[in-house]
Amino acid sequence: MSAAIVEARGVHKHFGGLHVLKGVDLAVRERELVFVIGPSGSGKSTLLRCLNRLEEPSDGSITVDGIDMLDRRTDINKARQRIGMVFQSFNLYPHMTALGNVALALRRVQGLPRAEAEARARQALERVHLADRAGHYPGQLSGGQQQRVAIARAIALEPRVMLFDEPTSALDPELVGGVLQAMRELRESGMTMVVVSHEMGFARAAADRVVFMDGGRIVEEGPPEAIFGNPQQERTRAFIGQIERH
Amino acid sequence: MSFDEFLQAFFSLEILQQAWPILWAGLLNTLLLSVVVVPLGFLGGLILALLGTVHSRWVRWPLIAWVDLFRSLPPLVLLVFVYAGLPFAGLEVTALTAVAIGFFLNTGAYYGEILRAGIESVPRGQVEAARCTGLTAAQAMAHVVLPQAVRNVLPDLISNTLEVVKLTSIASVVALPELLFQARQAQSVTYNATPIMAAAVIYFILLWPVVRLLSRLENRQMAGRR
Amino acid sequence: MTNWDRFLDSFFNARVAAEYLPKIIEGFWLTILLAACIILAGVAAGLALAVLRSLGIRVLNWAIIFVVDLFRALPPLVIIALLYFGLPAAGLSLSGFAAAWLALSLVLMAFTEEIFWAGITAVPKGQWEAARSTGLGFLDTFTLVVLPQAVRMVIPPLTNRTIAITKGTALASVVAVQEILGAAQAGVSFSFNPTPLTLGAVAYLVLFLPVVILGRWVETRFAWKR
């Protein structure tokens, strides 16, 4: 078993008077795909956003690829290149082409010359099968294509970990497949992934470990067959039961 | 110049006391003028906007030409033209009449554009639904479309009204004794800048709440633009 | 002489027109120069204030908001009067051109700041987050991701506001600047014929009609689908 590449310990998060994370411990090993499920408001997205410090945790420690994310001396912009993130609402830059979206950080953060940045951006787009859409603006792409461009934007920086925050929730059902396919291929290439999603089928098929969160805490975790087939906790059972009924 | 001299030149209480009756009369005239020209301009705008709903190019193109003409002429030019020009055509106009005509033409064009955008923002289905219940076209416009239209463009209407109230200060050019004119008179009599400064402060106190309100409304409007 | 002849003789008098056309043309170029100076200074200063405001330094932001509110609430002509007639009391004399330029630049600055700020805050938080998650710093995120989107949103309101404020150049005639209106009024008082005013009005149309039509086009071209 390889060492943990993501390690969160005792993470708390307050939003004003709201206690959203109540001491979460999560370790993710290299090449592992961890799936985080739970009812809305359970804190799963907040946990994900704490891992690359889009949200500032109120307490606890977070280490990614050996870097202390919460240390003031850490160059957060450098650290974030190692952590790719994909958002529910894609967040593509509407004023740039697909290629421009992917190449921006390569040029400005990694300092690559334009030609090299665009060559690498094109490779990333190829990996999500969208090389032929490189010149399109986000407004000219379907939601599924936009999300795959967003994935390309993240993997172009060759991150050590990828975070997915409900990547298919904003998509029409017929567009979900393409995004899941891109994620599956990413997984097969050995990427470490933390996924917050409601795609239970994908979780069963691809996850190494499923983490169930509720009320700001991790209630139960284990291999998918255990969590879905034989949950130990009452709350997990209730949640899985509700989902299965749909 | 010492600080005391500066205060004496711009914020002299003594001068303010002397000038106050003059300024007060000017303020009242400014308010009175606003109460006249704002409804007048709004009325002009409403007429233009309603004409804009007529689907005929014989109405549409002259209308666009009219609106663009009066949006192209600076309001002061229009005012001077009416006030100093019309007498040559044998029409003596008082300063107030000149201001009323100028504002009706200029402000009306702006209100007209705003109201037109408002009417266009109301979905077609609203008129269709109203007509299906037996309302006439005029009734549908008055009771269904216009109330929604005004609500949709309320920030722009308020903003334009603010500009119109500020614009009444150009009436000073044709010697209508509104606030700025009175302040200038007081200044030339006292040889002191306090009256103009006082006029500026009065305008600010009067209009600041409107500016604050607008700033909030506009931020929300821009967020809706995406 | 019929009424019509008298009308033509008054407003379209060829002899007077020929005599004063050169003055009006001089005024035309002066208006353009003044307008260009105002747009340059006003938009640049307004954008700079908006960028400063996005740094989020509280005391600085209060100051910016106050200055912006101030120049939105004051009528431009009052600011011009204060600068031109008031400042000499402080031992500082501005030329009419400088006073009009400074006053209208300050007004345009205020509106530009307000519009840009609304545009910047209207860019969704997700755009910041996406850029920051790829390691882009604050400055890169702001200039490469947020500002271009804000600019696109603000182009229509900014265009219209800029047109409205540059039309205020006519106010400079009040402080003895021989721009179009100033030259036209001087012509009327010398010739005792309103034809120079007609020329002036035509000059303004030549200048602003294309701009107003351009503004109309910009509004549809850059409209975001709601």
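Brief remarks follow.
Labels A, B and C are assigned to the chains in the order they are written; within every chain, residues are numbered from 1.
In this text, a residue touches a chain if its C-beta (ideal position, glycine included) is under 8 Å from a C-beta of that chain, and two chains touch if they have at least 3 such contacts.
Chain by chain, the UniProt names read as follows: B, C = Amino acid ABC transporter permease.
Small disclaimer: the values here were computed from a predicted structure and weren't measured.
Averaging Cα coordinates per chain and for the whole protein, the chain whose average falls nearest the overall one is C. In terms of C-beta pairs in contact, B-C outnumbers the other of B-C and A-C. Averaging C-alpha coordinates per chain places the centre of subunit A 54 Å away from that of subunit B. Work out the mean CA point of subunit B and of subunit C, and you get 17 Å between them. Note on chain placement: the centre of subunit A and the centre of subunit C lie 48 Å apart, centres being C-alpha means.
In subunit C, the residues touching two or more other chains are 124.
Those residues of subunit C that touch subunit B in the complex are listed here as 3, 6-7, 10-11, 65, 68-70, 72-79, 81-82, 85-87, 89-91, 114-115, 117-119, 121-122, 124, 153-154, 164, 167-171, 173-174, 180-181, 184-185, 188, 193-194, 197-198, 200-201, 204-205, 207-209, 211-213, 216, 224, 226. Against subunit C, in their complex, subunit A makes its touches with residues 52, 54, 77-81, 83-85, 87, 89, 91-95, 104-105, 108-109, 150, 153-154, 157. In the complex of the two chains, the subunit B residues touching subunit C come out as 1, 6, 9-10, 68-69, 71-77, 80-81, 84-85, 88-90, 162-163, 166-170, 172-173, 180, 183-184, 187, 192-193, 196-197, 199-200, 203-204, 206-208, 210-212, 214-215, 218-219, 221-226.
Against subunit A, in their complex, subunit C makes its touches with residues 124, 126-127, 129-137, 140, 144-145, 148-149, 152.
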